[in-house]
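Each of the two complexes below includes subunit A, the first together with subunit B, the second together with subunit C.
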Partner chain A sequence: MNKTNEPLLVIEDLTVAFPGQPTPVIDGLSLTLNRGEVLALVGESGSGKSMTALSLMRLLPAGGEITGGRIRFDGEDVLSLSDRQMNRMRGGRMAMLFQQPQAMLDPTSRVNAQIAEPLRVHRGFGRRAAMERVLDLLREVGIADPAVRARCFSHELSGGMAQRVMIAAALSGDPQMLIADEPTTALDVTVQAQILRLIDEQRRKRDLATLLITHDLAVVSALADRVAVMYAGRIVEEGPAKAVLESPQHPYTQALMRCSLLVPDQSGQLLSIPGSGTHARELTCGCRFHPRCSAASQHGIASRCMRSEPALKPDADGHETRCWAVEPEKESAA
Partner chain B sequence: MNNVTLLRKSARDPQAPASEAVRPRLVEVDELAKHYFLSRLFSIKSVDGVSFDIRQGEVLGLVGESGCGKSTIARLLTRQTPPTSGQVRIAGQEIADVGGEDLKRLRRTVQLVFQDPFGALDPRMRIGTSMEAPLAQHRIGTREERRDKVMRMLAEVGLDESFYERYPRQCSGGQLQRVVIGRALLLEPRFLICDEPTSALDASMRTQILNLLTDLKRRHGLTMLMISHDLRVVRHICDRIAVMYLGRIVEVADSDALFRTPRHPYTRALIAASMLDRTGLYSPEIQLRGDLPSPLNPPRGCRFHTRCAHAQAKCSQAEPEFESASESHQVRCHFWRELPPGQTAEAGSP
Partner chain C sequence: MWTRLLQRLLILGLMLLGVSLLAFLVPYVSGGDPVRTILMSRVRDLDVDPAAVEAMRIHLGLDRPLAVQYGAWLWQALQGDLGYSFASGRPVASEIGHALGVSITLALTALGIAAAVAIPLGTLAATRPGGTVDSATTLMVQTFVATPEYWLAPMGILVFALHLGWLPSAGWTSWTALVLPATVLSLRPMAYFTQVTRAAMMDVLQAPYITAARSRGLSMRQTVMRHGLRNGSLPVVTFFALWLAGLLGGSVVIEVIFAIPGMGRLLYEAVINRDVPMLQGGFVSIVALSILINTIADMLYVALNPAVRSGHAH
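This part shows the complex of A and B:
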């Protein structure tokens, strides 16, 4: 179906661990990302979604280690690249946006210098050519008065403008893949819509593969083609955005949907997921979600949920779910 | 002085089923303004002529983008900063006039919950100690009694006793926000101000905290001011919502009415933006042009006209007055009658 037969990004069985922690933060994660596609990685804080992004860039915080699995990006094995090759990759073919644009911009250098850096490092632009390209990029990301803004420092920008500048810097290396880690969480709702539109326009225009990391399902529904839901270091559900959002299969995804809608039930209570997922990783056996799961008790399959962990099982349309409740009962004898 | 003491006694009386009309006003804000002077010529009009009331037991939402002055209002209501002009009366008392012991009592009456629970708790203090500190400050009870109170409060906000001995780093953001809310309630305030209480939290934690606040409101008849940039968050907990733009309130209405028939174009844009999933990314209502203008130099006429899709010549000349669309629905727009019906975000069910 695709122009090339291999997806742009293939993650196989990725495992990331921190020394001193009994269990890995990412546990056997497999994902693919096609060219021009937006894949949303959804989950609560601590589920491992940001760690996934950082592993792709090989920027894990000190101590974090990729202990297993493979990452292939455009046919290259990311994990076996030398540091030098990896430096060329970052900011060049892979670019990243962060939650707090203000904190990610260098407070001591002007906007134009920061956007020009990838142009000069990765694409061999000269000083003057780079500065001209910077103005084009600023215009392209919708910054009014680019000549003035280019000479600003980051503290002179509003949050929305700073995120636009980050997007311009990310695009300047002409990347094939954009990793956006909670790109709009720190912004006001009105500005959030503008930034999401900008990301959407750019990826259409540039056929840019986008890994969108967020906990906000509204953001997902606005942008994503495919959705992967993470819980405690594992993917629990994955499929086309429409299928996952309209008929979520995993009880965790269902609960997350209800939380996001902020709609109360008859008693006036908002639906929430009891407890927290902070210690879910430490469960030694069974499904990691079972202590908070309503389906586990409802379907009378609680014992199975506590005993062994289900595998990701696809349905006919490639919508995969890791839950005993969606599987026929016959396997319980095993 | 007596005033405050008397009212305090009847503060915790959730059973009193006073009808809307009879409920006394607990908080009265009159033409409140806060200008920060940068030089003799320039000032930032952070809050510029804001008036509202909150009745006893009522929850008022205050919504707007960052920089619109909503947090400054929280600071003014708690007397952390003096107003440039205007008045705030809490329980009938003008807060600018109180001092000494009365001020201490006022500070007890009004409590604040902030956005970031990690920043609101001392990382080197056990949670129990942190929670007891305000009680000790106000010389309430003996050491044992304070410990008892804290234990009971932990249970009330849905945490078990083990939290008493824990440090903040051993807890999640949601749990810490419960601690912060519990600590505020220990002083038995009559008025609780929550400044973005759920913005730092995940979706599931957010609903847990909102449920907790709703619950506490019912149980204690708390009067609250809920400050947020997200209309969805305040919708179900608030009785009324005020929308702020650049230091001014542009629309006030009952919660349901505001969502059913938003009158101000800014309110409509906020609703559309917060309902992103349903209306789609390219809906025209969302398309607010650009960012909030600088409060240093707010646009003339209607302050919103630079971003408004329906702006006409008059909007850049004269600032609209507050007009009543219905008894409990006020709007500050020249053309609210003529606006196209637009999409009303009547999306109660999933």
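This part shows the complex of A and C:
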């Protein structure tokens, strides 16, 4: 493996659009993921996190199209790979975990057959050798009685068990990068921690770069090296996990933090961000968060927020924020 | 699973009982006097001696109360004796046995051809909706659904039997005689199976587990073969059974045109001859067989679908 300092994954200005939708679901997104690093992608549902993940795999749902930008993975231009090259990439060099593990398993196919697929298509295992390896993998992901479980169907597994199976299938192709799209959201609270621990354990052992998609800031603080916060198809804040969590700069990140603490306010109500982000993409000018933003009015910059969209500006420590409130008045001339 | 099966069998028994009563009564309700018909056909005279009619009626047991007749008929039917044909005088059960064999062969061949074409074609159409194959398939489906068999069958005979001389025009003597009728009979189910497969595959290809399979590096083709076909062809099993049951007595046109001694033609002639025992026996046999076929199809559906197998139906 190429151990250079060059990041494993570089996304530049990625734009994804669906026909019939006036604005792109992902709009000029840039991210990097270093080797062995955990980057958390955070945001509300509908902010474009999952679409980002599926774009990397080039598995967007029907109609979805990457209309601009570049994706470089380990020196290769992902968007210009042929279908055949892309098949080798998927499961072999980048693997993915999903939100609903049970729905992700073919109901008519046994667990072992599905885990064995990357072994057989990417690593040239024969049937028997693959089945042996599947048992090892099941053991590695903490499944007791692997010989029995290997012959199960998805409906015979609990959610946590199904996600362990998906992890085994993801690891079986020995990838360099793991994309985990809300891997614990659909699971029982007690199981969530186990699955996260398993993912963390395995990615340390295998030096797996991990793109962790979540809306749970507790998960971020436990696992992530860096965080990118997404709102309405754009990155609004990005930086080292510690910096972003301890001193969030963007009003949206701050609001997310306050909401996730689940502390009631003076009137005894749980905090929530007023309004909804579903139509934020349709704003044609100004900051996409400004209709829901409290900082805009507090700082008396509401008219600027309405007029033009701020750029993603880094501070001295590489902590980037897309907000006028963070940039003092001097910017108004620019 | 076993309680399910047992329940099912019990319901089937009750259904058959009801059907047998219907089958028994229908010829009586439809009017006309079978005894007169038989005698007239034998003596070829409109003035039949009333004494002869009466004697015949007693001989056939038709003078007894209906309930008694039904009881006796049912009891014998349960032992495999469906009486004797008024027309030919031969045992109904053996005539039906022969005809059913012929019809099942014809229907299975036709449906086999239909499924063999429809499943790959529907799958292919579903993988590229709006593509060339899909458009051609839609055209084919519409053409086949709209083409009547009574037109297609004579055309087939004209071209392949009379003009080219490749196949026999009628009869039931060798497997070559099966080719033309089975092909003509296969076109409509082929059209429907293709549509069903296409719709089911379109659904299946949207399923999350297909995306997951692709994320493991399977090509589209491998994904369809390993995870699409089995899930997508499930509905075809049900349709196959429905068509099989329908064709057993329902391919009258084809059987008459191609002079095939099958169930459709047997019943057609029984109606014309007012052959009461043949109608009763034929009706009951076809219904019983249809129920059996559908039960087998249900079992097969369950066998192909592990989630239903252990009672986890969604």
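Here is the rule we use: the second predicted complex is superposed on the first by the 329 of 334 C-alpha atoms of A that agree within 3 Å, B and C clash if a C-alpha of one lies under 4 Å from a C-alpha of the other, contacts with A are read in each partner's own complex, and residues count from 1 in each chain.
As a working rule, a residue touches a chain if its C-beta (ideal position, glycine included) is under 8 Å from a C-beta of that chain, and two chains touch if they have at least 3 such contacts.
Owing to the predicted nature of the structure, the values given are computational and were not obtained by experimental measurement.
Asks: Using the superposition on subunit A, tell me whether subunit B and subunit C clash or fit.
Replies: Subunit B/subunit C on subunit A - fit side by side.
Asks: State whether A:L59 touches subunit B only (first), subunit C only (second), both chains, or neither.
Replies: Second partner only, subunit C.
Asks: Tell me the contact category for A:V121 with respect to subunit B and subunit C: first, second, both or neither.
Replies: Second partner only.
Asks: Please state, to the nearest 10 degrees, the angle that the Cα centres of subunit B and subunit C subtend at the Cα centre of subunit A after superposition.
Replies: Here the answer is 70 degrees.
Asks: Given the touch rule stated above, what does A:S297 touch, subunit B (first), subunit C (second), both, or neither?
Replies: neither
Asks: Have a look at where A:M161 lands relative to subunit B and subunit C in the superposition and call it first, second, both or neither.
Replies: In the superposition, A:M161 touches subunit B alone.
Asks: So in the superposed three-chain picture, is A:S109 touching just subunit B, just subunit C, both, or none of them (first/second/both/neither)?
Replies: Once the two structures are laid over each other on A, A:S109 reaches subunit C alone.
Asks: Using only C-alpha atoms, work out how near subunit B sits to subunit C after the chain A superposition, in angstrom.
Replies: Shortest inter-chain C-alpha distance (subunit B to subunit C): 9 Å.
Asks: For a test of understanding, state which residues of subunit A touch subunit C in their complex under the given definition.
Replies: 54, 57, 59, 61-62, 83-84, 87-92, 95-96, 98, 100, 103-109, 113-114, 117-118, 121-122, 153-156, 166, 169-170, 173
Asks: For subunit C, which residues are in contact with subunit A within the complex?
Replies: Going through subunit C, the ones touching subunit A are 206-209, 211-220, 222, 226-227, 230-231, 304-307, 310, 312.
Asks: Could you list, by residue number, the parts of subunit B that touch subunit A in their complex?
Replies: That would be residues 65-67, 172-175, 202-208, 210-211, 214, 229-233, 235-236, 269-270, 272-277, 280-282, 286, 288, 290-292, 348-350 of subunit B.
Asks: Give every residue of subunit A touching subunit B within the complex, in rising order.
Replies: For this pair, the touching residues of subunit A are 44-46, 144, 158-161, 188-194, 196-197, 200, 215-219, 221-223, 255-264, 268-273, 276, 278.
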